[in-house]
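Look at the two complexes coming up: chain A is in both, with chain B in one and chain C in the other.
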Partner chain A sequence: MGDSQYSFSLTTFSPSGKLVQIEHALTAVGSGQTSLGIKAANGVVIATEKKLPSILVDETSVRDISSLFFHKSQPFSCLLFRCHFLILFFFLNYLWQVQKIQILTPNIGVVYSGMGPDFRVLVRKSRKQAEQYHRLYKEPIPVTQLVRETAAVMQEFTQSGGVRPFGVSLLVAGYDDKGPQLYQVDPSGSYFSWKASAMGKNVSNAKTFLEKRYTDDMELDDAVHTAILTLKEGFEGQISGKNIEIGIIGADKKFRVLTSAEIDDYLAEVE
Partner chain B sequence: MSKSAVDVPPMGGFNFDLCRRNDMLAKKGVNPPSFRKTGTTIVGIVFQDGIILGADTRATEGPIVCDKNCEKIHYMAPNIYCCGAGTAADTEAVTDMVSSQLQLHRYHTGRESRVITALTLLKKHLFNYQGYVSAALVLGGVDCTGPHLHTIYPHGSTDTLPFATMGSGSLAAMAIFESKYREGLNRDEGIKLVCEAICSGVFNDLGSGSNVDVCVITKGHKEYLRNHMLPNPRTYISSRGYTFPKKTEVLITKITPLKDKEVVIEGGDAMEE
Partner chain C sequence: MSRGSGGGYDRHITIFSPEGRLFQVEYAFKAVKAAGITSIGVCGKDSVCVVTQKKVPDKLLDHTSVTHLFPITKYLGLLATGMTADARTLVQQARNEAAEFRFRYGYEMPVDVLAKWIADKSQIYTQHAYMRPLGVVAMVLGIDDEFGPRLYKCDPAGHYFGHKATSAGLKEQEAINFLEKKMKNDPQFTYEETVQTAISALQSVLQEDFKATEIEVGVVRKENPDFRMLSTEEIDEHLTAISERD
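Let's turn to the complex of A and B:
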């Protein structure tokens, strides 16, 4: 980074003591699709809207990838999808991973609000850091450590030459020896531990809703229902398993993204 | 002392300056240090449902057995395992590193790892180090394209085979395979054949010994049978253990100090005039 013409930072202080670029980054986050997280007594749930910008967007490319792992019983549909994928792969291979909730380690997952491409970069870096920790200490990385390292990366980009801050806020959900944890990381690199939080559009309504509904002894299923209700609050149009994504981690310490069929089941329970 | 008429500028490539000196030293009996070899027998076969890998469990440091029950079958991915022969540190470091890379690749692609990916990552690394990373590996696994078995040599070349052996006991094990291997073995026959091959290495090669580890990999399932066979149990000469004869009885104890203790009194009164 010192080689380029811009060896000075583009994020500079304003006379009032604010870092304007970070404020703007937070605005970018604020105009992204709503996402939220809730920490229950025996797990964590994170959820986000997944509204496609137009009806012309190819829905199959935005399908759950985790559903493809267990394809033993559906060889034919897998083949169909693979043809689709092969065509897409050559032209738009970055579109392949349009799953918004991503897994970082077997027991930590993450969702974002803001710019998708920035999120992809952070996910890659975080996975690498988690893997390096595992190679050194031969144990899974604790949630706080991973959050701290990701936040450090985000802070780097506010103080390095020629780069801009990341336009995403992350919600990191994990379950380790200290129990279930939920962290929010901002573009500035600061991180907070939350019992329940929301980001993106409609954040103030979502947060008031969560404040009213949250109880300390919630179970994971209750938390999923609350998450769905919170998303429903500010949702424009018909909510279904296809336009929201939910990720959960329970006492089994295995993070997974729910399939759209499972989300539809939860939706039916809520109504 | 005549100087050369033309001064040759320094060039790249191997510098042969010390070769004459080394030759002279070797003639006088001073040999360069030889590499530490760790003997091993590692094998792999393809059977009808997948792959079976086998390894002995002896680690040697020259003529000494330093570990009687070490693990030579390393984890690479949930569906891929790798046996390592050669320097133990090299095999462990290289398999650990590639296993890490495969995990990151799995997260990024959202798919099960393929054996050919592990193969390419390993051979790239080993070729880069021109054989100095002394790791001879038998890599086996089952992925979406079927079961695969490969051998990787320290210099980076690879073979794809239905049955493979590596290590100092490889000839003994290969003899068993060449005579008894056939396609379409079932699980029990396959494990029996692998154990036979390893035992042949264990009993006929000094660098291999102790127990037999087996790993069976099939589509969607793996079984790591640690110490599947223990053909070398420890037998003690006496089952009661060791007892030592009684020492001489103590009759009297007398302690004589060797030097008289001198007592120094400080702070006494000054001498009076």
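Let's turn to the complex of A and C:
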């Protein structure tokens, strides 16, 4: 990638041994909207603030993908799993709307903090990698493998010529044979598995809150409540189903984004 | 050669500054404002209208060649605010992409797909050093088969959103404030109201009354989904209607 004139890396070591471009990328992430994830005993929840820049923005252009997926999947459920995947990706790529939580495979979802346009690139690449794995092995890609490949892409952009690192950190939530999993991937390409994590503007308060509230035997519903409370901590203004997004995956191994009505129900329970 | 800390190069190419910002992208936004024109787009119940100033700096110029409003396909229009040369490049590539889409998939490229394509291309320029971001904010309009009238705005950072009404260019913020008041209760504008809201917003923000030759207006309507630029007579009718209304 890049012109031959830029065949040198833009991310180089400083005299103290740091890769400063990556640190700046992390600063960009730190000024993004807060997002968090919690791994429960029987599922994973990821959530984020969704503050649209103006009331003039058309909310329907920020459409819920999963609603289209469910009603369209009826005729496809009898086809081979392979076709299901392909058609899912076809729809996702062409009917993508501006939504922060995105689905990578039917059992893996992802949210970000940082630069939206960079996130779109990573989602597209990850979906393609998941599909290639499936075509080769006739199996859905395990969460760890997808995370590893996505992280490898992010690392590539810290070393290749003529490109800058991605200005996003990802929280990947999935449920496969090894159970529920939550991974955080940073602009450097390093990734870790977390029981609960947060990123973006309010990260230190959110993490302290999560440390206090987290228990290993939490159920998915408790985790959703905790996620909402954590978001509420640093939230400016009135929290509602319209300005946060929540994605969950349970033992049914189907990732879905909650509708704003469902979020409002959870909010009512929390109060 | 660039150094790890940026070494001043964070202002020259799109690498991160110490605060995590991309200066080149921010400068691209400034270039959009430096072009000195303001554009407005409004989405109604069954039509979309975009309006922009038409400044012909020299009387010797052929005024028909001065335009910021471009048809991409018969059904999609693009209003490019900012640097005219960058706008023409973007339009050329968008036209190519839309034509290939039609050939490859057998149906017309929808508005949001075009907007996403433009935004993704802009994102590449913010990440690869060999190309600078384009100094253009693009407003894409069209009638979607499922969702009706659609207006999208794509900026040099690679962001894109659908809008009920929006603005770009020099007086962007004032225009957005004006439009927020108008669109507060989600009015469903008819075609005439849509066009007149857009034109009167521009007049109010720039504080001058226009002649029909000083603005360009582009519309798409559900009854006639072809992207059309209004003739001077039609613009005159709307201008008269606005002044009579006030």
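Methods note: the second predicted complex is superposed on the first by the 237 of 271 C-alpha atoms of A that agree within 3 Å, B and C clash if a C-alpha of one lies under 4 Å from a C-alpha of the other, contacts with A are read in each partner's own complex, and residues count from 1 in each chain.
The rule is simple: contacts are C-beta pairs under 8 Å (C-beta built on N, C-alpha and C of every residue); 3 or more make two chains touch, one makes a residue touch a chain.
Values in this document were obtained by computation on a predicted structure and should not be read as measured data.
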Would you check which partner chain A:8 touches, where first means chain B only, second means chain C only, and both and neither mean what they say?
second
Between chain B and chain C, point out the one touching more chain A residues.
C
Which of chain B and chain C A:52 touches, first, second, both or neither
second
First, second, both or neither for A:103, with chain B first and chain C second:
first
With both complexes overlaid on chain A, does A:117 touch chain B (first), chain C (second), both or neither?
second
Determine, under the contact definition given at the top, whether A:237 touches first (chain B), second (chain C), both, or neither.
neither
Find the residues of chain A that appear in the contact set with chain B and again in the contact set with chain C.
97
Contacting residues of chain C [partner chain A, same complex]:
1-6, 9-10, 13-22, 43, 110, 112-113, 116, 119-120, 122-123, 126-130, 147, 150-152, 157-166, 176, 179-180, 183-184
Mind pulling up the chain B residues that touch chain A in the complex?
96-97, 100, 103-104, 107-108, 110-112, 220
Residues of chain A defined as touching chain B within the complex
65-66, 68-69, 72, 97, 103-104, 124, 127-128, 131-132, 134-135
Can you tell me which positions in chain A touch chain C when the two form their complex?
1-3, 5-6, 8, 10-14, 18-21, 24-31, 52-58, 60-62, 94-98, 115-118, 120-121, 157, 162-167
